[in-house]
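The two complexes that follow have chain A in common; it is paired with chain B in the first and with chain C in the second.
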Partner chain A sequence: MQLSDKLKKQSIGWLLISSLIIILLLIPNINILLNLFTDTSENWQHIKKYLLMDYIKNSLILIISTGLLTALIGTLLAWLIAAYEFPGRAFLSWALLLPLAIPPYIGAYTYAGLFSYTGPFQVLLRKRFGLVVNQQYFDFMTMRGAIFIYTIFLFPYVYLLAKSFLAKQSASLVEISCLLGKSATSIFFKVILPVSRGIIVAGASLVMLEVLNDYGVVKYFGIPTFSTAIFKTWFGMGDLTSAVRLAAIAMGVIFILLYLEKLLRGGRQYSYSTSQIRPLKRKKLTGGSKYFATMFSFSIFGLGFIIPVGQLLYWSYLSDGSKWGNLLEYSTGSILTGLLAATLVIIAAIIVANTVRINSGILSNLFARITMLGYSIPGAVIAVGILVFLLQVDQFISWLMQPFAIEINMFLTTSLVMLFFAYLIRFLGIGFNAVNSGYQKIGTKFFEASRTLGKSVTATFFKVDLPMIKPAVLSGFLLVFIEVMKELPLTLILRPFNFNTLATRAFEYAADEMIYRAADLSLILIFCCTIAILLVNQLRKGREDASEN
Partner chain B sequence: MKKLLVMIMLGVMVGSFTGGILAAGEVNLYTNRHYDADQKIYEQFTAKTGIKVNVLKGDSDELIERLAREGESSKADLLITADAGRLHRAMVRGLLQSVNSDILTKNVPVNLRDQDNKWFGLTMRGRVIVYAKDRVNPEELSSYQSLTDAKWQDKILVRSSSNIYNQSLLASLISIYGEEWAKNWAAGIVKNMARRPKGNDRAQATAVAAGIGDIAIMNTYYLGKMLNSDNPAEVEVAESVGIYFPSQAEAGTHINISGIGLSKYSPNKANAIKLMEYLSSAEAQSSFANANYEYPVNPEVEPSPLLKSWGEFKTQQINLTELGIYNEQAVRIFNKVGWQ
Partner chain C sequence: MKINNLSFKYEKNGDQILNNFQLEVNKQETICFVGPSGSGKSTVLRLIAGLEVPLSGEIFIAGRTVVNDQVFIPPEKRKVGMVFQDYALFPHLNVAENISFGLGKISKIDKSRKVNEMLDLINLNGFANRYPHQLSGGQQQRIALARTLAPNPRLLLLDEPFSNLDESLRDEIRKELKNIIKQIGITTILVSHDQADADFMADRKIFIYS
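Right, the complex of A and B next:
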């Protein structure tokens, strides 16, 4: 038996708990996926004949365009920020993360509202200048509009990953390219893009999953895609089986795209990393390119944050604040839910990540992949899987308690337990990825040393690992917090009686076509997420500084 | 300090979970109406009867799905949704039970409730034609069918067919004129559309004002909301369009309801029926309907002054159950004729 194998012993407890978490995560999903193996219904034939091609076409256009654009913009910005010095760089470095604080559907409502006939822009033109513009050019609710919305609010996923990668990993390559006399443009396209391809694809696939599962934007814009189709068949035709089939096709599409990307990459090894982490030395930009860098980055920030927030502030000013309910109640509801859910998710993520690290092998590889499952399936579809599963557990508990004359009736499904369970399933992948990246940085040397000194896996975890991965854990915590704050389908379907959050209230007002009333709620929501994003950035910066020393 | 925080969080967690256990002497309501005014009516009901109303808001279809999945163990007593088609869907799935209440049968006209009294309408809205006052002479308008005339080519605005109001409109036309007629009608509308269906009902009226088309099909209450909007530009839009109640010389204007049903496994049945009766009462009806610029179903209650100013109109006399019966056919027709 090798030393490292011995060291792994005693970790059986971790393995057991992790397996339990994974099984809990799998059951509701499997529950749903089993629908794939039932016979096709008459509805399915109808869907196939009249609708499927449209869904596939529109979804493909959306996913591919958004994926490419976020990759391009995210990487370009990351490159500018990581490699160059220009006015406003320090501010933009974190400000460019802020669009993530705005849920895309709120972004969609604000942009459509801004440019609509009754929006401030056209009203200004009409009232001040007597100009009535051709509506065609101001129509935001198009495919292009949707691509813009998704790109501008989701590109930070790519930017965040690419920035820290480039700052740390690309120094020597860039220096060599410079020595060889390459121009900045050719360095970007010939060196930076290929080298960071893996990271970019990772970020862009998160974006693509979000786009595929998003319902709010495409529904409002009237673009038939898979997610509108899933709702239409499930709720409109009462046909869950066909809805799941559509969801499966949609996931298939994503996997095919990712696989194609891998094929395109072929045998070429683009991944690049050195053990020597050397920060990239930023080059000072001069002349025209200096202003270009500043203006480009600022306009993206403006489009992704300033303009929508400005529009919401204007709406908030228009609406009569005294008319509607309890902002404080919704805010505390949202924030507490976000904090608790993030705690729960991150604890589970740490357990699974620790297990995966200690037990390398097929099983732990599988675990790592399964954590992302909940994030890949449309929220509304998982919601039903969770409801069905917890109802069964509830009935089991009642049955179990019967002999003791204790009446516990529907405890899980009428309480927040169900919602927290749902968040766990949905966001475990996000937490896991964050924690896992922390583990990958520290490697196993310290763990093995501690084990050799006779400490148990658990003691090692608390004394050695946890302090070292703390920044990663915290930033994972905050990322999950942001996601939970913005989350909609699960919260809407699985919440208990009398429970409201900022996101649900904002959505209800928007759905009732009272967008002005949603403005205050959205602003508070965006404010909370902004703070969380700033904290994440602070943590990352701390880590980067630490690794520079 | 850290430990203290953890303790507080745990405390909140436990507190919030146990909060899920509902006490008796209450009534549990699944509703897709989100209006703040509704909450006030529930509070009035509580003040009057001492019965607490617990509210779970959500999208109608999702609430129905949840109710179905919960089955016998559901805590829900009542289901309120917009659209009779949806209530019918809940009924067909066996989620509702009959209510024998003289008060309800007196307050709610017979065509606005299920024939077995499994659901009751509470508020009413018409799906009407809205036209640009400066470009359309209302005398040019007549019935739903006349909208398929060639003269309206590229002039009609209407939202997506995934919207239940359009589905119910078409279902009512199937019920009155038959499937073939309805299919031709839908195809005719698609041909006359000014643009691909997009946006909500308000967006259609706005598009009329902006000159993208001349007439829009929309629900009455959205016009009421626009006239009372926080945004002055939207009020202007609403004032620039006129409202026309179609098919007056024929079968009447299509109406729909938001309504309530008693859930099959209602644990607080007596309380639930009390709330149903209260919501149909003259006292609650005017505010319940006015909250959303809708027509009260209770014939004893007058609509709001704004709605009265639009005048009285003849409504389709079909039983609204038909909207549910023909819903699926309607959805299929929309898909076939390419009404997105």
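Right, the complex of A and C next:
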């Protein structure tokens, strides 16, 4: 089959637009890699000699510890919720997702404030019990603190994946092990962990990528990592070449990480043959283990949601009200940005996913992979790539316009275009995965039926595909919306002058020790994300119920 | 309908499923493919419908070349109707919308007339507003047939039309299907595992070996 024949079979328009999206996505990244071969500044020698090892070491410690801890906690909770019946299970099943509504940097300043010398915890100890504790143990702004923060706010990634995997896939294995007389603990360690290894690794690597992407927590705690280093060399020292070089090294670390992930997953598929799917029957816990399960799950939920939100509410109460005008301005700005970016991303995701589906082959596989690239690479790194690229485009535009005596300077790099472009690159993968899972669920038969009934690829898309994948599209949209709302490093670097979101403003207030002010903004942000998470969860449930019929 | 020297494989370096396959079907004839599982019966139907592109060879339908070395007519322009093994009724559309799906741009009145005509044909009047999940397997199959026949295709392809039905229904559906095919006089190719089905339905049987 020649390529031209293939194209005749498919619709070429979809392929062209998708290719364009993919190329746009690749350029900034390639830009960074190309910059590896340019000359370095003197500053770079200094960074390399004295600082680089620290960045690498700190980043590695953070991602590895967080990865392990979230894998452990996430899987344990997933197993409890999927396999056992205990008081509060139904509530916890969705409540344990809510820590995702709190951006880690907000969690970071909340916990740091909670445990500081003047924070409620130490005050209580001093006033009530006359205890003055050793500050060393209560200093949250350390590596340990950062690991705690990441773990408690990011474990739902593992929890969510592992839970639905276990609930659907493990029934027969568990039953057989029970029949063979294995105890619950030995089933967990000998059966559950090994069979769900792939999915746990997948969840944990999402967490690790998030940690590597994070700027807010490490900046606030003063831990030098790649993200903070890129910010510092670029804005602090005005040294773009060194920032690019750091970005390139970070990309190297990520490629190693992704390669390791592949190895660890062991080429294992997520799902067993679909015909055998049977939901896992939950076992009723009794006696002590019942209370242990409830207590354990509730305390994680408390740490990941109730305590930080409670603290924020308390601060908000103390702050005798922010200016409503400002709150409204930042909120609408943020929400509009989120909705607009999510729309843009999901449209691009649908186009690419549809193309990938109708053109099976190497190219499609490649496209699917490249969409995830942006999500794998830290925001600060993408930001560098995009800025370098758009500066070139801007220069080109001014050069083009010169003969006409029109002066267009820095058109792209000073507008919101740049920021939205960045969101597209970073979050296309999330949208794509959601849409793609919708497509996988419906398969190709409806598409083919429609084609034989006289409808073109595009007509089929609007009449058949889109209505059928609507829930998947909607979840993808909401997931991207949540991410954009929480996003910090990209927005901080690429936003136009005077443009603020809830996230950037809350972060700046917190960094300036104006925590009361940050509280209101954070609460609105958390509220929006909570709603979105609950909606996604509802959609998932709907789809799962539908597929069981 | 005529097939000349058709060759095909699914992947670049996969097994060749068809090698210089030849077939000629006369107007208004019903033929049935029989052969072991995996021999490529469904594949031939997919090639005729335009859902796959052959390595080489030619297919003519009603005197028109639909595929050869230079030409490839996409499935939506071939006027070939195909009933899928699991029917593939659109779950978001009701019966009437499913049947009128392939009718193209015609007036509402013409559309509903056609839908009623088709429902008459398959004996399912009064089901127009149901959704596919509210229908039995046999009813779904008949709706799928109506949906396929509504745009007046020049060729009807049926991939294992009886495999999803239980024994008791089979006899009845078989008779009904044969009646409908003869009534419209459409050229038909069907695939079946079952010798009895093939004998009953087809004017001619074609054996396909792997």
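Everything that follows uses one rule, which is that the second predicted complex is superposed on the first by the 472 of 549 C-alpha atoms of A that agree within 3 Å, B and C clash if a C-alpha of one lies under 4 Å from a C-alpha of the other, contacts with A are read in each partner's own complex, and residues count from 1 in each chain.
The rule we apply is simple: a residue touches a chain if its C-beta (ideal position, glycine included) is under 8 Å from a C-beta of that chain, and two chains touch if they have at least 3 such contacts.
Since this is a predicted model, take the numbers as computed values, not measurements.
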{"item": "First, second, both or neither for A:Gln538, with chain B first and chain C second", "value": "neither"}
{"item": "Chain C versus chain B, contacts on chain A by residue", "value": "B"}
{"item": "Partner chain in contact with A:Phe235 - chain B first, chain C second, else both or neither", "value": "first"}
{"item": "Partner chain(s) touched by A:Val417 [first = chain B, second = chain C, both, neither]", "value": "first"}
{"item": "Touching partner for A:Gln392 - first (chain B), second (chain C), both, neither", "value": "neither"}
{"item": "Which of chain B and chain C A:Thr452 touches, first, second, both or neither", "value": "second"}
{"item": "Chain B versus chain C as contact partner of A:Val464, first or second or both or neither", "value": "second"}
{"item": "Footprint overlap on chain A, comparing chain B with chain C", "value": "none"}
{"item": "Residues of chain A touching chain B in the complex", "value": "46, 50-51, 112, 116-119, 123, 132, 135, 141, 219-224, 228, 231-232, 234-238, 315, 318-320, 323-325, 336, 339-340, 343, 380, 383-384, 387-388, 391, 394-395, 409-411, 413-417, 492-493, 495-500, 504, 508-509, 511-514, 516-517"}
{"item": "In the complex with chain A, residue positions of chain B that touch it", "value": "9, 12-13, 16-22, 28, 34-36, 39, 54-59, 61-62, 64-66, 69-71, 73, 75, 89, 93, 159-160, 162, 167, 196-203, 206-207, 209-212, 222, 225, 229-231, 233-234, 236-237, 328, 331-332, 335-336, 340"}
{"item": "Residue ranges of chain A touching chain C (in the complex, touch as defined)", "value": "1, 5-6, 8-9, 445-446, 448-456, 459, 463-464, 467-468, 549"}
{"item": "Residues of chain C defined as touching chain A within the complex", "value": "12, 49-53, 55, 72, 74-82, 84, 86, 88, 90-92, 101-102, 104, 133, 147-148, 151"}
